[in-house]
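So that you can tell them apart, the chains are marked A, B, C and D in the order they are listed, and the count of residues begins at 1 in each.
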């Protein structure tokens, strides 16, 4: 990925999420709250530095993006209004946008369904990523 | 005014002695430039600014008037800016009502520590006035033949 | 009307009051004038009818300086002005004996003239205040009472008297218009249209000062426009500060104190709708600082001598206003 | 017409580099009223001032305009110079051509033009200046200290030792404040009561100090040197003079179920109570909300057992009115409410406590008699987790944006004390940063780690989950190991953010002392006037100004005392002559000005006025020059323009407007 592109992506992530990563004081409250912490390769409190350092490629390709349950504990508890969960959300959107029209078709979904996936998440995901 | 001559607006800024005038001083000592069109009049408090002064300035050819005072809650006289806020809200609304372009008047709360804010506010205000052009309306409010 | 005269005579006779402030027949039947009555005989000239629009409260400033009480007749809307003057210590409650008189709405001869009726000799009002018979040199014409009412009566503040010693007569609901409709119509205009509207209206002004002289809120001993305190008294100079800003400054000076009595517009010989300035302030005050009726009582702090910690910011007031 | 001299300063190159000073002199020379104009390198220098004096003498000047730096810089200098030369100091006006001109503009032509306009405005103003004379006001040689904690006590002692009368007003039944609730103090670990009690006794015994406990400031009027304060002495229901402090009433009181404020609600007290054993005064109060006699009319046991006959159920609140020259605010702090922090389970488990509650638990006079035990079951805990920054450094709406400053140190203290007394207890501290600036502070913290084996983990706790067996599951993160941690704890201690005591808002309003967004009182200058409030005569002591530990509080209390003493030592104060002045002939007597005056400086008088031959009694405004601070709110609210501000009159400001818009 070219330098310009990552820079643009980082900006886009800040814009979509509305997060100012400079506000982070690295307290770790997000990682302390995260139920998927152990599944993640990049930990919630690290998201911010990836955005700050314009290292988007690693973030976009990380497992963490898809391990986040969107439980919003980090958003709720972040004392600095940084809300890493929003960064994850934005990074996901970035990925989805880049795929262009390459959405899943409705028929493909059943076979990809993870039985562990909470129903609510599925519904909210449809709502969010439909367009 | 010939087209090639740059419009130099006349702008009067009323600054309270305790916060905004000091904020303007800080902008000065920090060398934060803003256009020379802005001329500051020192008043003890934003509540000293009589609407008559503002109308007078417009009548005498000012293109914009800005009033700066301490932030709500920080008034040296504890309540002055609250009265100023109501008076200016009423006056500005009236000026807008009679068709004076919105934007020729402004109130901004600038503390003694906000040199940057003072400078950016003045830069914004001047460019706003520049976009509005010369103030002719108020001077002509009773001049229809 | 006769009851009012009888009661006034009684109060004069028993010494409760030293004089009566009311209306007297004028040169035209539709033009009664404000008058003092010092005796029972003089009271025979007293009138009270649909044309007695004049607000007598302001006269009480001078009456308060006289010996003894003055009996004053106040219509419901006039009592707001009286209260406001009371709040400002301009009148003395002890010097006033207030009879709150009923009101069916007051008439505007200009409205009748505007109907194209010319050569008016006299106007008669029927007892029920439903119709007017206008006698003209071209014959009699009939006009509905309502159609000849003053603007202010179409947006009447209500039938209740805010202050009185006794009440006489019935009042009638006359509201059939939105009080702020005109203001809103102007607010909806473009800046250029607004300016054109006010420029046209204000250019008519001949600076006769009638609006200032009749206004119960404009009760300063000496108006700023007549003093040298602001370098604003420049009567000679047609292009002066005073000339241009008079009405705006006057409206600001009475903002929060104006009871919307409408006298300014009524007396303007040029027909300038001056109440549109005051009503704009009233509308803004209600919107930004909560409903406020100047003169509803004689104690509450006025909106411009008051504040809350989270009042609207002036720039937002303009955008939202 | 005035005879005006204009003096244009080069300020070395500060002004002269961008403003053509000579040109300014030549232009303003022709302004109306100007009879003299010159420039000089440094107007503020001795030589520059001498030039002004010389011109005043030679040209018989009646007004001076100095075009130089900000009036905030040298207005006083030039006024004094004028005064020495025999001119009224208020006949001097400054045109600020440095901060407002030369320093912000680059183009010489533009800057010179603006300098000329600013000079013109000042000339136009000085043309209308009138000589003003500063008034004098007296100083009442007595100080009021609001708050009887360590800050208030120290301030009062220092002022009293200097020989001035001091009153302390304390809202609770005893002086002592937060410090009296503490067990030990860092960094030396002495017992809080052992060092505080002697000071409390000294204050109580001091002949110059009067203590009003169970009292609140109700009303403040007046101004620096001459404040009048109403103090409400709440009904104690016990006669202070008769009570011997024997304590029998408290023992016998049948109503013993009221949570003790002093023990932070961890234990109960009786309805008639002294907050703690060493309370000063040692006179109980009856809590009328809890007292059976007050609730039902039946009981009266305390009255029966009181040998001294001190119980007085009929006692009423009493208002004491006193005059003061200076007021020191020392209202202290409280911990924030934790309602918004569900994740710490503070409201779900008795074993999750705040640090201040732990102080009471550790204290021998506390609810557990000083034994470290779980409040849920009284069991000795094995694992204790401390969580730092609970509600501090939060920019969200749950907590406070500032660092509470004391938590790092007291947490180290708690950890150390526990490990010292109970080596079997494991202590873990979750921290974001450990902040220990202060003498012997970092050493203290390191001792906790190195000598006492306290386990410090960099990271936060996400959740405290009470388990069915009564233990607490703590989920946190170790950022240095990049691992999430799950640990069991028996007790969790929250280093809860502190905030100014809620009473400070009302007091600040009464004193017209400004307050910041966090309710801390604002100091006059963050660096150079840290213990003075912007309101003259009001000083700040302790945490009401910002978070502080005890040594800092005591130091600031002393500093506030010195400032108050400096004021009380004066016999007279000079007042600002730029005050409002009504024109009695124009005044309507409408009271609008009095309604907006923040100082109550405007009163009304009915007097005989001779208005161009008309003689009549009129109600007219009168301004008390000693009270008026010259804000000008009244001048604008006055519809007739009768009220004007000396030094900033309507005509002066309009002249400036006209000069600028010319």
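What we mean here is this: a contact is a pair of C-beta atoms (placed from the backbone, for glycine too) under 8 Å apart; a residue touches a chain by one contact, two chains touch by 3 or more.
None of the values given here were measured: they were computed from a predicted structure.
Please state whether B-C or C-D has more C-beta contact pairs across its interface.
When the contacts at B-C and C-D are counted, B-C has more.
Compare the CA centroid of chain A with every other chain's and tell me the farthest one.
Chain centre farthest from chain A's centre: C.
Take the average of all CA coordinates in chain B, do the same for chain C, and state the distance between these two points in whole angstrom.
Chain centroid spacing, chain B to chain C, equals 36 Å.
Using Cα averages as centroids, what's the distance between chain A and chain B in whole Å?
From the centre of chain A to the centre of chain B is 46 Å.
Where the CA atoms of chain C average out and where those of chain D average out, how many Å apart are those spots?
Their C-alpha centroids are separated by 50 Å.
In whole angstrom, how far does the Cα centroid of chain B sit from the Cα centroid of chain D?
32
Quick check: what residues of chain C touch more than one other chain, meaning two or more?
Chain C, residues with two or more chain partners: 224, 230, 304-306.
Can you list the chain D residues in contact with two or more other chains?
596, 637, 650, 654
I need the residues of chain B touching at least two other chains; which ones are they?
Residues 50-52, 56, 60, 73, 79, 83, 87 of chain B each touch two or more of the other chains.
Chain pairs in touch?
Taking the chains two at a time, the touching pairs are A-D, B-C, B-D, C-D.
Within the complex, which stretch of chain C touches chain B?
Touch residues, chain C against chain B: 183, 186-187, 189, 191-200, 202-203, 205, 224, 230, 232, 241, 243-245, 248-249, 251-252, 255, 277, 280-281, 284-285, 288-289, 303-315, 317-319, 321.
Which stretch or stretches of chain A touch chain D in the complex?
23, 25-34, 37-38, 43, 45, 73, 77-81
Which residues of chain D touch chain C in their complex?
Within the complex, chain D contacts chain C at residues 583, 585-592, 595-596, 604, 611, 616, 619, 637, 639-642, 644, 650-651, 654-655.
Write out the stretch or stretches of chain C touching chain D in their complex.
So the residues of chain C touching chain D come out as 65, 87-90, 219-224, 227-231, 253-254, 257, 301-302, 304-306.
In the complex formed with chain C, which residues of chain B make contact?
50-52, 55-56, 59-60, 72-73, 79, 82-83, 85-102, 105-107, 137-145
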